[in-house]
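Alright, structures below, take your time with them.
Note that chain A is present in both complexes that follow, paired respectively with chain B and with chain C.
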Partner chain A sequence: MEPHLHRPSGALGGGRRDRAADFARGVPLLGWLFGALLAVLLESFFGRDLADFLDLPRVPVLFGFEYALNKPRLIPGTLAFLFLVYALPLLLGARLLRGPANRIARLLAARAPGVALLLHLAFLYGILHLWTEVSDYRLIVAKITLIAVMLTLSLNVVNGFMGEFSCSHPGFMALGAYAGSLVTIVGFTNSAMFGAALLPPALGPVFFPLALLLGGAVAAVGALAVAIPSFRTRGDYLAIISLAFTFIVKSLIENLEIVGGPRGLRGQPDWANLPVVFVCTVICVAMINQFVRSIYGLGLNAVRDNEMAAEAMTINTRRTKMVAFLFAAFWAGVAGVLFAHVLRYVNPGTFGLQQLAEVLAMMYFGGLNSVVGSIVGAVSINLLSEMLRPLEIWKWIFIPLLLILVMIFRPTGLIAFREFDPLAWIAPRDGNGSRERRENSGEGK
Partner chain B sequence: MTALLRVEHLSHAFGGLKAVSDYHLELAPGEIRGLIGPNGAGKTTVFNLITGIYRPDEGRVLLEGKDLVGLAPYEIAARGLARTFQNMLLWRHMTVLEHIRVARWSKLRYGLAGAMFGTAARRREETEHEAAARRCLAFLGIEELASQKIANLPYGAQRKVEMARALATEPRILFLDEPTAGMNPEELVQMMEIIRRMRDELGLGIFLIEHRLRVVMELCRRVQALVFGEVIAEGSPEEIRNDPRVIEAYLGKEIVA
Partner chain C sequence: MTVFLQNLVNALQWGSFYALIAIGYSMVYSILMLFNFAHGDVFMTGAYIGCGIAMLLLGLGAAGLLVLPGWLVLGLTILLAMIVTAGLGMFIERVGYRPLREAPRASAAITGLMIGIILETGNLILLGAQRVKFPALIQPVTFELGGVFLTNQKIMIVVVALGLALALHQFIRRTRWGMAMRAMAFDYAVVPLMGVPINRIAALTFALGSGLAAAAGILFGMAYPVLDPYMGIVFGWKSFVAAILGGRGSILGATLAGFLLGFIEIFVAMVFPSTLRDFIAYSIILLILVFRPYGLFGEPYSVRLRL
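Our next item is the complex of A and B:
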C-alpha cells in the first residue's frame, strides 16, 4: 500500500477511479497505520474464531497462499477472511480516522519532526509485533524479510548508487554470520564444540550489539581485500573478483574444521528477536538514506555516471568508492549476524550463488538507486517466495518470469532513481502543506 | 600582472608519439587566453596534462608557485583549477541542482559521520552549499532548471550546466574546452557574454580551446597556435590570424609558381 504514489486524477477517466484516488490522497501515512493496527488487532482477537466459522484449517498465515494453492475449495473462505480482517478494517480505519490522523500528523510535523518519525516507527513496530504473534512461521518470515531489506539496500549502495557490479554480498554476509556466531557461541553458550561459556550468559544481550558490530567490521575488512585489487579498474573486473571472493569465503569456511566445516555452526543464542531485527533494519535504512542523500552520497552517482568528470569536480573518487564499498559490506555483515541468530544455524552452503541471485533479484526488481525501491523489492520478492512455497518447483518459474516482465517494462526496476524523504511520507494530507512538500521531494523523479 | 598559473617545458609522449613538446603558458587573473590548432594538434592533451588526467613526462605546472605535477585530478581541481570538457561529461541520471551541489565536494567539512548520522553541522553545511549552488545557477541564468534531469535539457542549457558545475568548485582558473561547439548564433552570443562576465565579475583567469575565429578574436587577449604538439605562434589574435605559419598549418602551403 503506497499512499503517495498516485497519479493525477482523471488520467484514465471513470468516476470510481477518481474517487479512490481522492480517498487515498486525503489519508496520511498515520491514517493507514491506524487502519493496519485495527486490522491486526481484529486478527489477533477474532482471527481464530473467524477462521473456524469460514471453515479454514487455521488463520491464513501468509494471506492464505500456503494452503489455498493446494486446496482451491478453500479460496472463497480465504478471500472472505482477507476482506473482513484486512481490507475492510484497513480502509474503514483509514477513512474514519483520517481527520484525527491528519490533525496529529500536522501537529507533529510542525513541532517535532523527529518525534513524529519515531512515533510512526513505533506504530509500525506495534503492527508488526501483533501480526507476527499469530504464528512462529510468520515471525521468522518477518525477520528474514527485514534482514533481506538490509541486504538489498546495502547491495544497492554499490550496484545501484555507485554503479559497480559487485557479487560479493554472500561472502560479506558469511563473514558477518560466522564472526558474530563465534562471539556468541564461544562467549555465552555451553556448546559441544567450544565448551562452557566464557562469560555469564546473562551478559549476552548487552554484548549482542558488539557481536553485530564485529560481524559488520569483519565483513568490511573482507571488503578491503576485494576493493584494493579491483578498484584500479572498473566494470567486469570487479564483478569477477567479487564473485571469486564469495567462492573463496565459502570454501574457506567449508575447510575450516574449527568452525564446523561444511556441517556449519549451530546453537546460536536466541537473541535476534523481532525488536532487535527491527531496530537494526531501521538504523540501516536511516543511515544509508542519510548517506546517499548527502553530497558525499551524490558523489557516488557522479562516479557512476562519469568518473573522469567526478574527479575533475574535486571528488576523491577512489576514497568515495572505497567508503561506499566498505559501508555496504558492513551492513551485509550485520545482516549476516542477524541471519545466523534468527535461524540459529549457519552452514557455508547458504552463502553461495543462490543467495547472490536472490539478493540481486530483489535489488533489480525494486529499483536501482532507490531506497524505497530496495525496501519494496526485498519485501515483495521475499514474501512472494514464501507465499508460493506450495507451488514447489513452479515457484522458480513464476518468480523469474515476474523479474523478466519487470525488466521488459521497467528496465531499471519498479521504483528506480527516486529520493526517499521520510518527512514527506509522514506529512499530513488534507491541506496545501502536504502538496508543497510533495513537490519539493519530487526532485528525484 | 603576475602569472597565477605558469607552465614550463611541458612534454608528453604516448609511446613513440610525441603529443606535446616544450609547451609553456602563463595566465594571470582576469585574463582570457586562447589555444587554437587543427584537429589532433594536442590541444585537449595540453588540458589533460595540466589538470592531472595525464602525468607529463617533463615540465612543471605551477599554481601560485606550487608544483601541481603528480597530484590527482581532484586535488588539482580543489586547488582552484576547474575545467569543462569538449563532450560535456555530465552525469545523466542526476538533476541540475545535484550536479552543482556535488561539485562542492572539496568544501565539505562534516565528514563521514555527518553523512551517515545527519548531524547539525551537516544540515548547516548542506544548506550553505545548496545556496552556493543556486548562486552558480543564477550566475548563468538557469535557476529555473534546478530540478530538471540533465537528459531533458537542450544542448545550450547543458553547456551552461557544465559551466555552472565548474564554477561551483570556486576556481581561480577555468579551462574551457570548446565552450561554443555546436551552438547556434544566439547561444554563441550568450556564451561569450558569460565568459566575459566570469572574467570581469569573478576575476577568473580563463584558458580556452576554440575553433571559431570570432570567439577567439573577440575574447582573447593572447592566443597560442598549436600544431603537432608544438606552439608555432603566439601573440594577439590579430597577429595569429595573419601569421603565415598558422595559415600554412590550417590551409596548407601556398604554391607559388
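Our next item is the complex of A and C:
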C-alpha cells in the first residue's frame, strides 16, 4: 500500500545522539521511572530547602521558566536546582538501578505483561502525584495537559488516521462538557440555578463515571451530524460542515437560557481530581491505541489513502467513517466533561475558534497518524504555553513561529506514522545492549 | 416591505465584505489547492494599513502640505493599502506556503493559522490594546427612497466591491496572467512545462487576494469605524465558509455565496432574535451542503483534492 502522505525518513538523526545513547544503553523504561521517582521524591523532601539555599524565591514550578525568563539573575540558581533535583537523580537513578529494573521488567514481561503495564502506570502516576503535590498550579497544569492529550488523540483518529480535516472538536467537547455538568450540578449539588441536589452528594463520586459516559455519549450522538454528511462528501466540504457544526453548537448553547446562556455554567463539584483524570487518560490512550492498531484502524488508513480502493477491498467505508467519528467524538466529550470539572466553570465562548486552533495545532505539531505523536504534541504545546507565560504577549509570536518551523521542516509533524506498542516500550533493555525497536511504521504490517 | 428593502440594502453591504474576502480564499484555493487561513487576518491588517494611510493623508492635508479632495483621499487610501497589503500577501506566500507546496495540505492550513496569530499579536504589540478609530473620509449623505434609507457610503461600498470583483473577473478572463492562472488551476503539474512561472503566478494570486482583502478592510472600516486586532478571525472563518459554499475555486461562486451569507445573516436577524443568527445561518449552510455537497458552483471531487 503506497502511503499518500510524505513519510519523514528515520527518527531523530544519528551522530550526536550516540554519546547519549551510550549512557542510556541498557536502561529500560522502568529504570527511567525509578530515576524520575527519585527526582520527585528529592524535590518533595528537600526542594524548598534547596530553593532557599540557592536564593530562589520558591521551588521552580515549571522548570523555572516562570520567573527565570523575567529575572535573568536567577538563571544560574535555577539551572543548579534543575541539575541537582531533576537531572542528576534521574540519570544516576536510571543508571544505577538498571540492573534490578531490567530484572523486574524481564520477569514481568515474560509472565504477566498486563501486570507489567499496570506497574509502569502505577509508577507514572506516583511520579505525577508527587510532582503535582508541590503546588496547585502544577496540579491544574497537569490535569489540563492530560485532558489535552485525550482531545488531541481523539482528533488524530479523524484527522490523522482517517485523513479528514474535521473542525468539530470544540463542538463535541462543548456537548460533553455541558451534558456532564448538568448531570453533576442538577443531581448532586445545591445550586442557585437548579435548586437542591436530587441525590445525596455523597453518592456523587460513584456516579461521576456515569456522567463521563453520558457526556461522551451525547457528544457521539452530536457527531452523527458530521458523520452522516461525511458519506457523501469529504475534504474541504466536510471541513466546512464540521466547522458549521461547531458554530451551531456554540450558538445553541448561547441561546439556551436554561443552561446559563452566554454566562455559562458554574459550580461543578470538584470530582475531577488527578487520579480520575489520569485513569481516564490512560483508558483513552489504551482504547484509541488498540482501535487504530486493529483491523478497523487499518480500515481508517485505507479510507484515507484511497476511498474507492478501500471500498473495493470490502471495507465498509460508511461504517468505518461512522465508527471513527463517533469514537473520536465520544472521547472528546469525555475530555469535555473532565475539562468542565477541572475548571469548575464553562461558558460557550470556551468552545470557539481559539479552542479549535489550539487542538489542531497540538495535533499537527505532534504528528499525523501517531498515538505517541499526539501525546508528545499535546504535552509539549501545553507545557510550553504555560512555561512561556512570563513572555506575556510575545508568547504568541514565539509559539506560532515554532509551529511554522516544525511544519516547514517536518510537514507531517514531529512523530508521524509511528505505531505505539506499549509492550515494546516496557521491554527489558539488557539483551545485547541495544534497544529493541518494535515501533515500526503503521503501514509495515 | 420597507423593512424588507432596508434590510436588503444592509445585506448587500454586509455581503460585500464577505464576498471580497471569500474571493481571496477562493483564488488561492483554485490555484494552489490550499486554504489561506491567514486571510482573515490579512483583512484585519489591510484595514489597519488603510487606516494608517488615511490618517497620513488627512494629516498632510491638515498641515497644508498636500490638500486633496475627500474622494481622492479615499481612492488613494484604497489603492495604496491594496498595494501594501498585496506585498504582505506575497511575503506570506513566500515564507509560509511555498516551502509547504508538496506537504500535506493540512500542514499548510496550520501554518496559515499560525501566521494569522502572528499578525494579530504583532498588531497588538505594535499598537497596544486600545481600539483604533477609522477616520471618516467622505461626508455621509443620506437619501430617502420610498422609506428606505440609503447612505452614499453604503452605495459606494457595494459599488466598489462589485467593481473590484468584476475587474478581477475580467483580469482572469482577458489577460495573459489570468490565462496562466486559469491554466494552473486546471493542471498544476503540466503548466510549468508550458513555460509558466508558477512561483510568480502563485505570488500574484496571493497579491490579488490580499489586495481585495485590504479593500474589504477599508470598506469595513468606513462602515464600522472601530478596528480591533481580532476582528479578522470571525470574518475570516465565515468567508471561508462562503468560499466553500460557492464551490471550489469558483470566483463567481465565492462572490455570490458571500452575498448569500450576508443575506442569510441579516434576514435571520430580522425575523428571529439576533442571538440566534449564527445558529440558523449555519444550519442553513449545513443543509445546503448536505444537499449540494460540492457547493453552489463546484464539481465533484477529483483525486488531486485531498487534505
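By our rule, the second predicted complex is superposed on the first by the 411 of 445 C-alpha atoms of A that agree within 3 Å, B and C clash if a C-alpha of one lies under 4 Å from a C-alpha of the other, contacts with A are read in each partner's own complex, and residues count from 1 in each chain.
Quick note on the criterion: contacts are C-beta pairs under 8 Å (C-beta built on N, C-alpha and C of every residue); 3 or more make two chains touch, one makes a residue touch a chain.
Quantities reported herein were computed from a predicted structural model and do not represent experimental measurements.
Enquirer: A:I408 contacts which: chain B (first), chain C (second), both, neither?
Expert: In the superposed model, A:I408 contacts chain C only, not chain B.
Enquirer: Between chain B (first) and chain C (second), which, if any, makes contact with A:M313: first, second, both or neither?
Expert: Once the two structures are laid over each other on A, A:M313 reaches chain B alone.
Enquirer: With the two complexes superposed on chain A, say which partner A:Y125 touches: chain B (first), chain C (second), both, or neither.
Expert: After superposition on chain A, A:Y125 lies in contact with neither partner.
Enquirer: With the two structures laid over each other on chain A, which partner does A:K250 touch: chain B (first), chain C (second), both, or neither?
Expert: A:K250: touches chain C, not chain B.
Enquirer: A:N159 in the overlay: touching chain B, chain C, both, or neither? Say first, second, both or neither.
Expert: Second partner only.
Enquirer: Once the structures are superposed on A, label A:P400 by its partner contacts, choosing first (chain B), second (chain C), both or neither.
Expert: The second partner, chain C, only.
Enquirer: May I ask you to name which of chain B and chain C touches more residues of chain A?
Expert: Partner touching more chain A residues in the overlay: C.
Enquirer: Would you please give the residues of chain A that touch chain B in one complex and also touch chain C in the other complex?
Expert: Dual-contact residues (chain A): none.
Enquirer: Quick one: which bits of chain B touch chain A in the complex? Just the residue numbers, please.
Expert: My answer: residues 51, 53, 72-74, 77-78, 82-83, 85, 89-95, 97-98, 101-106, 108, 112, 114-118, 122, 126, 129, 147, 165-166, 168-169.
Enquirer: For the complex, which residues does chain A have touching chain B?
Expert: Its residues touching chain B are 287, 290-291, 294-299, 301-302, 304-306, 308-317, 323, 327, 369, 417, 442-444.
Enquirer: In the complex, go through chain A and note every residue touching chain C.
Expert: Result: residues 4-6, 159, 163-165, 225, 229, 232-237, 239-241, 243-245, 247-248, 250-252, 254-255, 353, 357, 360-361, 364-365, 368, 393-394, 396-397, 400-401, 403-404, 407-408, 411-412 of chain A touch chain C.
Enquirer: List the residues on chain C that touch chain A in their complex, please.
Expert: Those residues of chain C that touch chain A are 29, 35, 96, 99-100, 102-111, 113-115, 117-118, 120-122, 124-125, 233-234, 237, 240-241, 244-245, 248, 273, 275-279, 282-283, 285-286, 289-290, 293-295, 298, 301, 305-307.
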